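Please read through the structure below; I'll follow up with questions.
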């Protein structure tokens, strides 16, 4: 079947520095139709309260995703042979009108979902996950596995503004997009605004696994719990690049020391294998604050790992459908 | 009289790298009352259509203004001895609500104007000049000398949004803040959206002196014309750091090669001496895109040059009042 | 006629940081057929004797060409309305086999020429100009206007190796691709290997205008002579980014202080208007040595200026053909 | 009681990039009187034998301490509600006279101690700890917990010079400021001058826990020993940022690979809770060698962690006094 | 005996930033004769398929090796007192002719081997190890311990080119330089070209210890196996700097996240003690992609650790010979 | 005669990135005996009142002087064929003892002078020129041509300290090393401490040519006057890299915008030809503040230009002696 799937440029013929910079060196397509997985950028950071720049994330993650090869070395999965994947470009945004931007992003994500493809997006700041969840969550609420330094469940900023990159998951719960009892946040750390900052989230049923608990338990124990929390119901995975330590991902808006190593991040993602994912994203890659493209490279690799998980799911699902 | 004026830290006693980073190492005051010139930051870039970051401008211009000494070497003016000057801090802003930000900035600038001080502001993107003009321009329209790579008189962006850093002077003319026949724009250059992009501005009476004309005529000829255009009526000076060549001021959002050298910029500003200025600003310094603080240092020096011009005006005015 | 021409993305709808990074935000096409001007990358630096990196030039010039708008502000030319222009991608290269690379590049350039399009290429090191000249120069020898810090007419390096980025124009003369009496090199400067280093070139008839002569005469005088030298016969223009001062274009392999300002470079290129150009390139942009993308931005702007010159030629030619 | 305590700027009203850069966005005060904890900079690096730059440390740690929020997420401590804390500015220094600098720093630190406040200082190079110890250690010798890559107990450099950043703790022992049997050094590593380089220190009673031992034992075991060594007698804590791995804190003068992760550093500091601390510092943050402000951010976070420990001590002490 | 050995500059007399930049501040000698260990650079990266720059590695590793002191703090070994070591300069190379470069490097390495010295080389890309192996492996095949992110046992690239930095160990096995049953590769990770990419290597007998296995087993277990694999027969050690995580060694051509920490790398190398080493190298340090010289410093430290292992071997051997 | 002169490495055989980093790739010699011109580093910045780092200048100027070729393209002079030139290494310094450093530097310079060689030094901060002048000026006072942004004739700093990089020429006049009527300072600019800051210097007879005067008159007029001032009596040339604009030489401690272009700097130096020079230096290159080695490259080129002037003087002198 894969003869018809999109294939990346052959690096043994075209050097990695050559050719247009698309995600994973895949073809750029104008429509998600026919795709199993749609790789999309969301170049918008209008919800950023401190250091902006994630609007440039998709451009540079694309640029450095040229380093990715075509096979996952642990799973031995060849994503482009088991799923039809392409770069659908950037979703439309509005850099100076927050509400219009949320509408545009939702519309773009909905087009992917309506085409039957799973969206794998690169932000943009974390507020971009909200309109994608609006598109992904239909009548059912979805679960969420969130790798992040911050809970992002605050209420308002700067005079009752409800939409910032610190509030998306509070809004998503209020909008019934997410089932709070099926949300797990992993890697939360750093100074907070008040001792009760996370009380609302916990009261909703969100399971917060702070970095300190993670360090004590290890990757496997934490992910076993996470998998049990979300179960086999539809689940979205969001990876805020600031979950990773700022020495490994300096190009982000709200760095917090003491983060995941990239090695741990890879282990965490690989243990998502077998879940029922309806979408995923990598957000908060902010190239203006990056060093030697280190964060873009890490972001591209995290995206590759997530893409392999999604491709394996597509393969399983297709096998089950045929079987 | 100057015994009572605020004085900067003495660099022969306290090294330049020591102490708090205020503008020109002046005291930070909580009110503009009693000041002749108020140095203020406007940390906001919500009007930026491409590369944001000017929100960080005031912080870093303050940081590197520690390099400034207390006397202008050409004029031999000692600004802190002829005028009472201090750092009034940053005007209030809202990073995620454009209209609220414009209101807050206008209120902050109005407080300075109402106190009888001349505002010398550091942006922020060029849209921050609009609310300052609202505060400065009372019943009379003011003139404008604008050093810039771009005319910033476009109409709308991204679906009829009227407020971006590409539109402030169109809005200011529509709002009757500026007298278009007393506007001169110097250093305009770079590719444009359409052949008629500047037609509206020219039709209003704005005098655009493109970089190519400047190169042919030189600093003195151009400034003589500029001085005649604005005359002795109240005039505002706005200096977009992208007027300077990106090799000398890389930290800005919309770089255009072929700009002013800093040497030319200093010459241009010194020829403002003797005009009737009601305010001035330096905008679009964007530290995330800067190199070795080069743009912040250039911005701080431009600010110093403007401050000396304003201080000389204060000295003249006071002398005239006494005389 | 221009309704059928390729158009760039509309920046008033899609922000500059969004979308795929193609040259000038034009469509990426798979064939040069039907184009008047073909924008192509040549990502190869195997001729570099010191600091490699120009292989990454096309990728980053594309990236930062997003800053270009659609109209030349001096000529008021709209290149995309008078000529059909697109990004034809990168020519095939071989990063580890010099001779194979030269063959591949020549083949790629020949495809453009055979399609009737004018190639406007982005290198790559200066040796990439040689195979393009092989494609461009048919039975007739072409003239050359070369903006460069170095003559690049040396004979051999490292044990009689004839092909390096210091030798392309010697080879091109030997191969009868160039008419040496119609070659002018402008901006040559910097220490040399021996007092007689340029004697061969001069003996062939090449006119070398050193930077010192340029400084004394100015842009217009120099370009008047250059235009007389090449006349109306077919001429190629090559712009080595190291012609520009390293403070404005640090990202290059062989920096020489005392170079052209970008302002001068723009003036020089604009005075190419009216010649009979068969191709042009911008070479030696080396992103690993760049700062804040300054060189890529300068390179993209130089490319834009050259593209406008070529578009005006297309317009004239078409007008003449119709007339 | 905390109604009277100094409070930082409210980040939900004033964005983190706005306002003056003071430590933790606290008020800048002119006197330590009334404070429980005095945050002070010591911008001096005259004891640096190789790469200078730590003189700029206080400026940039202040700058990036704006990222800190007001509550410790593990302890749930709100330092600004249990202790009166402010930024007392930089202690006076002399950049070109070493002995005068040591006198000035001691005087500045003594002013803090005499006011009854605990000094929490940001260097400066490690020699700045010596004059602070002179101020802190009265008639009693104090203990020391030192996180560092280097023992800093060498004797002399460059012709019998006794004062460099490699000698402060030898001098402090000789001056009877420190009780060597209550000194523990953690994280020591890297090549040394001679096999017996640490023999003097060990002979005095200093407990050196090399990085290799730390790796084998882990944070808790090591800190349990450290706490036993210093006991409940007055103890000073000094954190040389080069204790942290250079990938996480590159901005320092004497980098040694194989250092603590920031995660380990946070764990180490949190286990200081409950000791009897008379002062603390973070030294050797050298912004000229920093990358993307990574070291300044790490330094500010380490300072925040130490401040929380000190604030908890103040709270305990005050409770005990009242109780 | 060591009175006659070369000694580095005394850092207590000459600061580390002073003097010529030789490896370890040792004398530069013109011949390897009389040396036990010869430190050599191989400034060549002509086998690099993506991001070149390792040609600049020796220059910058030399520069930053000035930070090394003269004694290993764990072994207490003083390498310069137990072995005669010097900087023999860079081996001759040819930057634009791959086959000539391989010949030249082999000749240079052979000169060292023929003089009876052990070569400790700094590349250069990983293809430089091939000609050194040609010089080192005489009639006997040698074993190999390879620390690396990549197996480098691919067959061909870009049209059947057999020599790239992705193929050296396939060629070395084919040339009978290496005994494949005595090869162990540690730290391999990252996406691969095809599921069977490593099948050839494994079929030859190479033991590949992927990063994931390493994480599960730990340093000691892995090195115990590695030591058993190579035994006491002659063995070469090659350390590709990309084995280390890109956050700690960003200056390399093919970064792969999830790498060794420098701490692990030091542990790994120290467990080489006692083997029978015939040479060693550190390759792929690429300064143009480095940050704050972090990779050069790491490379210099890895080189120092390897040098100490070799010096201890020299000491043992000499002792045995005398004994 | 030149058969016996030291020659640089042949760049057509050994690539520029290979080999040890000596000045101009010349041999490193242990004694100045037999040299006509001695190239020496002075790695010391203990007189720096703000941003230190010039101690690293010699190391990096050496590193990047590898870019220099062997012939001056305007003069056609081959310096290494008309004069015996070598790298004598760094003069001894003391990084933590100012007075000892001044003594050591003077001794090192005296050794060069006593050997009959002309010293061409690379600092170090500008205070390093003082001890060199002590060595150069015997019983006669020498003249001085100083290219600089600052007059460096202040009296004291930080409590009557007489020795900083802002005071060397006041001290040199007081010590009768310089004849103040034969001093010309060119390029002075930037804010000053007080209106009378330069009065002492002018009263001594120093001719200060401010940047503004230079801009009005041009290179030739200014240098004609400078040549007349110093005449044919012994003269020293000091080039503070901050004379050049910070966009072209950002790596310096006290940047002042509006400086010389490198093109102007080269013109200025070439007009020194024919004077009677007893020494020269390039100071204040500060690598920690540099960008892409731009300042080191500029410094190396300025050094090359000065070396050619000195070599031409040696050639003239020798010719006269023979003649």
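First chain written, first letter: the chains are A, B, C, D, E and F, and each begins at residue 1.
Basically, contacts are C-beta pairs under 8 Å (C-beta built on N, C-alpha and C of every residue); 3 or more make two chains touch, one makes a residue touch a chain.
No experiment lies behind these values; they were computed from the predicted model shown.
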item: Shared chain contacts [subunit D and subunit E, defined touch]; value: A, F
item: Neighbouring chains common to subunit A and subunit F, by label; value: B, C, D, E
item: Inter-copy rotation, subunit B to subunit F, in degrees (Cα atoms; steps of 5); value: 120
item: Equivalent interface positions on subunit A and subunit E, same or different at half; value: different
item: Far-end chain from subunit F, centres as C-alpha averages; value: A
item: Farthest chain (mean CA position) relative to subunit D; value: C
item: Whole-Å gap between the CA centroids of subunit A and subunit D; value: 38
item: Where subunit C touches two or more other chains at once, by residue number; value: 13, 15, 17, 49-51, 55-56, 95, 157-159, 245, 247, 289, 291
item: Chain contact graph, described as a line, ring, star, complete graph or other shape; value: other
item: Pairwise chain contacts under the document criterion; value: A-B, A-C, A-D, A-E, B-C, B-D, B-F, C-E, C-F, D-E, D-F, E-F
item: List of subunit D residues in touch with subunit F within their complex; value: 45-53, 55-56, 94-98, 100, 157-159, 161, 163-164, 288-289
item: Contact footprint of subunit D on subunit E as seen in their complex; value: 11-13, 15-17, 67-74, 76, 78, 245, 247-248, 261-263, 265-267, 291-292, 294, 297-298, 301, 304
item: Residues of subunit A defined as touching subunit D within the complex; value: 49-51, 156-159, 188-195, 197, 210-212, 215, 245-247, 250-251, 254-259, 289-291
item: In the complex with subunit C, residue positions of subunit A that touch it; value: 13-15, 17-22, 28, 41, 43, 55-56, 58-59, 62-63, 87, 89-90, 92-93, 95
